Amino acid sequence: MGKFLPLEKAVKNIVVDGATIAFAGSGGRASYSFAYELIRQHIQHLTFCSAGTGAVILDLLAGAGVVDRAEIAFTLTNSRNVRRIIEGHRSRRLAIEDYSNLAMSFRFMAAALDLPFMPIRSLRGSDIERRRGFVGDHKIKEVMSPFLSERVALVPPCSPDVVVMHAQEVDEDGNVRVVGPVGSDDWTLKAGKKVIITAEKLIDSKITRKDPNNSFFPGIRVDAVVIVPWGAHPSALPRFYRSDYEFLKELNQRSDSDRSFRKWLDEWVYGTKDHASYVAKLGKTRLQTLKSVTSFKSG
Amino acid sequence: MTRVDYKAVMLIAAARRISKGNEVFVGMGLPIMVAMYAQKSHATHSVLLNEYGIVDPMMHEAIEVADPAFGERSAQLCSMIDALGWLLRRADIAVLGAAQVDRYGNSNSTVIGDYRKPSLRIAGSGGANDIASLARSFVLIMDKQRPGKMPERVDYLTSPGFLDGPQARERCGLPGGGPEAVYTDKAVYKFHPVTKELFVQSLHPGITLADVRKDTGWKISAAPKLLRTPLPTPGELRLLRSLDPNHVYLD
Amino acid sequence: MGKFLPLEKAVKNIVVDGATIAFAGSGGRASYSFAYELIRQHIQHLTFCSAGTGAVILDLLAGAGVVDRAEIAFTLTNSRNVRRIIEGHRSRRLAIEDYSNLAMSFRFMAAALDLPFMPIRSLRGSDIERRRGFVGDHKIKEVMSPFLSERVALVPPCSPDVVVMHAQEVDEDGNVRVVGPVGSDDWTLKAGKKVIITAEKLIDSKITRKDPNNSFFPGIRVDAVVIVPWGAHPSALPRFYRSDYEFLKELNQRSDSDRSFRKWLDEWVYGTKDHASYVAKLGKTRLQTLKSVTSFKSG
Amino acid sequence: MTRVDYKAVMLIAAARRISKGNEVFVGMGLPIMVAMYAQKSHATHSVLLNEYGIVDPMMHEAIEVADPAFGERSAQLCSMIDALGWLLRRADIAVLGAAQVDRYGNSNSTVIGDYRKPSLRIAGSGGANDIASLARSFVLIMDKQRPGKMPERVDYLTSPGFLDGPQARERCGLPGGGPEAVYTDKAVYKFHPVTKELFVQSLHPGITLADVRKDTGWKISAAPKLLRTPLPTPGELRLLRSLDPNHVYLD
């Protein structure tokens, strides 16, 4: 159980200013609790990498000044903090390198498998290929295939210093179990130099070992585990709770100016000393309405 | 005379492209409504797929794009690489949303204006570039066709149509077949088999060719026999609206 | 249910002489029933491709004259038919192209993802790289990485015409569920131009759809399904039966000459008109002793 | 005086390389006995991994290599690509079997004799080439050391040791650290840090340097302080044998 830490320690011990970070979590499972703690600790200059996950978290972290670079496939049309920065042409506050979801997935795969690159058949002919940001020349390269004479695009590995994901269950050895859509969460986790799991529930490894086909990620490659009830709120966590759309809507509305977003942060992040206080502030009535009915099988 | 629901006209027109038993790879947003509607109306046994690895979800109503409830009662939850890299290539048709579409069917969902100093940051590719590059065939959905949304060249080429014209996809080694139609809230557009240029195939009820040309950044051609997109029947509209009781995608 | 066929039809409709074939099945799950049917139907000139699976099946099929080429990572030290052919220098009866398990896995992955090649960091410096068989020049190529100036080995895609696997469960839509070690079964299946699943048990799709994270392979990519009880015998099928070591030992002993192996085939394959007759010949007593106790969770 | 069980001497000597908490990537066959023995004796909390994607199996006795019971009560069953491509690179040590080992620790598990007209077809690489290429460090186990099994150059180089000597692995871009020892039923061999040549470090009880040299295809050096491999204690032997009650690997 040596890798079990409080959230505060997990951030303090593992995340340094200037690190690259990815938030896995395709079917909900986004570790908002970890993102809030990054904000509380005033972590800065992170590069945010993503293959289809964490768009709202990016908006939060960019707005809070935690992230200033992103290697991603998308933001959201209603990413108000991101838009305010980009459309205000403050590229020093947030620089984006655009890829596609498959390209970022392949970049994580290449990193996990220690490969020098992955060939890819998309990207060609697009402005994703032509326009270069802070990754520059290394963004996408080309090679002539020695098998058939054809030009092939190659993307470089992307290995985040830290990858974080919220999981439904983790056992005492750190083995991770999830339910719901998975996207590129597996390759995102495998690409991480350090992997941190925040988990809703601690389970007995006897349960894991009865059904090893169902383990999503092995404990031997998890560097830190934090048990955080409601750790994915306001995202959904299948079998536990649904998305808190009201909360997300309010967050979005209050992200319409630096000043108003700062007040939201004061209230919900700086104003709560840890995730338990945040959950207490949400209140029992609200939490009760979020508990979900799901068709996903339990255990 | 009642107001025409042009969004419904567009979605239902696009849904007609989908046939019984088709595998439909759906992009994020409105495309989901197109595929769901097709499945519940005429395209029985059609199967939805998306980039998050959701295979054949049994959806009865529209939900937010990122909601994991999407995956409930699906046949399989596989990986994004499986979905975009493997399943997509053999799907019958893909449906993609776009914020700008140009003369050659290239689409933009990244920025409006200069890339370095944009007036609007939209979203980015997500899986759209991969879908447009790799799908056997795809159609584009663009709501709210207005001046500037169909320029001669998109501000940022997020997802390839026919690029600069004939043979350009082949020169880039893009394996997919490219776009076959664009559905907007004013008209249905197809691509000329030789020039690969967009032309107007069908105008929605009450829309004139002049209305459409006002929005396009080049002198767009029209089919010799310009069609009129059918007005959805009350039954069709009822079905469409019943699929989005919470107004996630429809007003 | 249109893709549900009898075993005889599945072979007849899908496998043609000269095809390439792979048998997935890492944790048992080897479709011996399908292999026997290939022998019964006198299929010839198959190329056998494998990433770590089906070594005994290769020995059977090579001995029976069904397979004459193999792109594989290994045979077994006690592959008596293979050894008799190779050590007798009858390379026209069986030609082998040697790869490694990771290389064959990457080749299947490249085929599944329609990539022109996969980079690989093993193979270099070995005789696997130097010695070329029937794949020749295209076996492994090299390229200079445009990212860092380093030479990188590349392996080409391998897309078998037919991939076969025995599964514990399949539903009426052809969705496949498995239990036990999986090796490269997923990529082997995805690489197949046609996929045939022989399955122990038909289940209701309601069960599958309660737990879609547990679906191993989607029915929409399955071309034919055959329900074959005891379809993996003599290999194991976790949750159903264990390996029949006695049977395998007898098979191995009787593979010590062409003549003796031919007699074994006459008795067990040609002498049984289908898999049900084969199972009947095994006898209830024997089958009873093979039923297994396992720690793997059911359902 | 009782007969020495040289196979046990070899396995137990190799097991000593494994420490508490180590992640041990095991090749097929005898390496499993080495790792299991280490885990049950001194290397508590060590974790076994294999190329079929079995992570931390809780084995109490040896079973056939391909038996899926191997995966029972494991922590995870992942894919072969995960195992060989990802887990392997960060494991502490790998253990591999071999049929031939040469001067530079290259090993052969494919054919004996001419590749095109071999006298013996053994098995092939399986994952051995990948493990020898990629593992941080690995050791080789070779049972029944006899003349011909340690030639100057292996008949077929299945799995790379130091290839032709110093810097050769680096020239080929092999990322792993290469072999660090060879354990046979006669002796323990290590590699000279500069020349990368195998030398005799320790002789098993009753074995002479002449015995060993008789088997090697070149004039093999010996450590200046040649050691004597310890004879396993009765307790050690009992533990080893208890792990293979069905004589899958031991006589």
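Order of writing sets the labels: A, B, C and D. Residues in every chain begin at 1.
The rule we apply is simple: a residue touches a chain if its C-beta (ideal position, glycine included) is under 8 Å from a C-beta of that chain, and two chains touch if they have at least 3 such contacts.
What you see is a predicted model; the values in this text were computed from it and never measured.
Visitor: Please give the intersection of the contact partners of chain A with those of chain D.
Guide: C
Visitor: Which of the two pairs, C-D or B-C, is linked by more C-beta contacts?
Guide: C-D
Visitor: If you average the CA atoms of chain B and of chain D, how far apart do the two points sit, in angstrom?
Guide: Centre-to-centre distance between chain B and chain D: 57 Å.
Visitor: Express in whole angstrom the distance between the two chain centres, defined as the mean CA positions of chain C and chain D.
Guide: 28
Visitor: Centre to centre, by mean C-alpha position, how many angstrom separate chain B and chain C?
Guide: 41
Visitor: In chain D, which residues are in touch with two or more of the other chains?
Guide: 71, 73, 77-78, 81, 85, 134, 175
Visitor: Residues touching two or more other chains, restricted to chain C: which are they?
Guide: 114, 121, 150, 152, 180, 182, 209-210, 213, 295-296 - these are the residues of chain C that touch more than one other chain.
Visitor: Which part of chain C faces chain B closely enough to touch in the complex?
Guide: Listed in rising order, the residues of chain C that touch chain B are 112-114, 173, 175, 190, 205, 208-210, 212-213, 215, 217-221.
Visitor: In the complex formed with chain C, which residues of chain A make contact?
Guide: 114-121, 138, 141-143, 145-148, 150, 152, 154, 156, 178-180, 182, 209-211, 213-214, 295-297
Visitor: If you look only at chain B, which of its residues touch chain C in the complex?
Guide: 23, 47, 55-56, 58, 71, 73-78, 81-82, 85-87, 89-90, 134, 175
Visitor: Give every residue of chain B touching chain A within the complex, in rising order.
Guide: So the residues of chain B touching chain A come out as 51-54, 64, 66-73, 77-81, 84-85, 110-111, 115-130, 132-134, 156-160, 163, 168-169, 172-175.
Visitor: Can you check the complex and tell me which residues of chain A touch chain B?
Guide: 26-29, 51-52, 55, 72-77, 79, 82-83, 86-87, 89, 91, 96, 98-103, 105-106, 109, 121-128, 130-131, 150-152, 180-184, 186-187, 236, 238, 242-243, 245, 294-296
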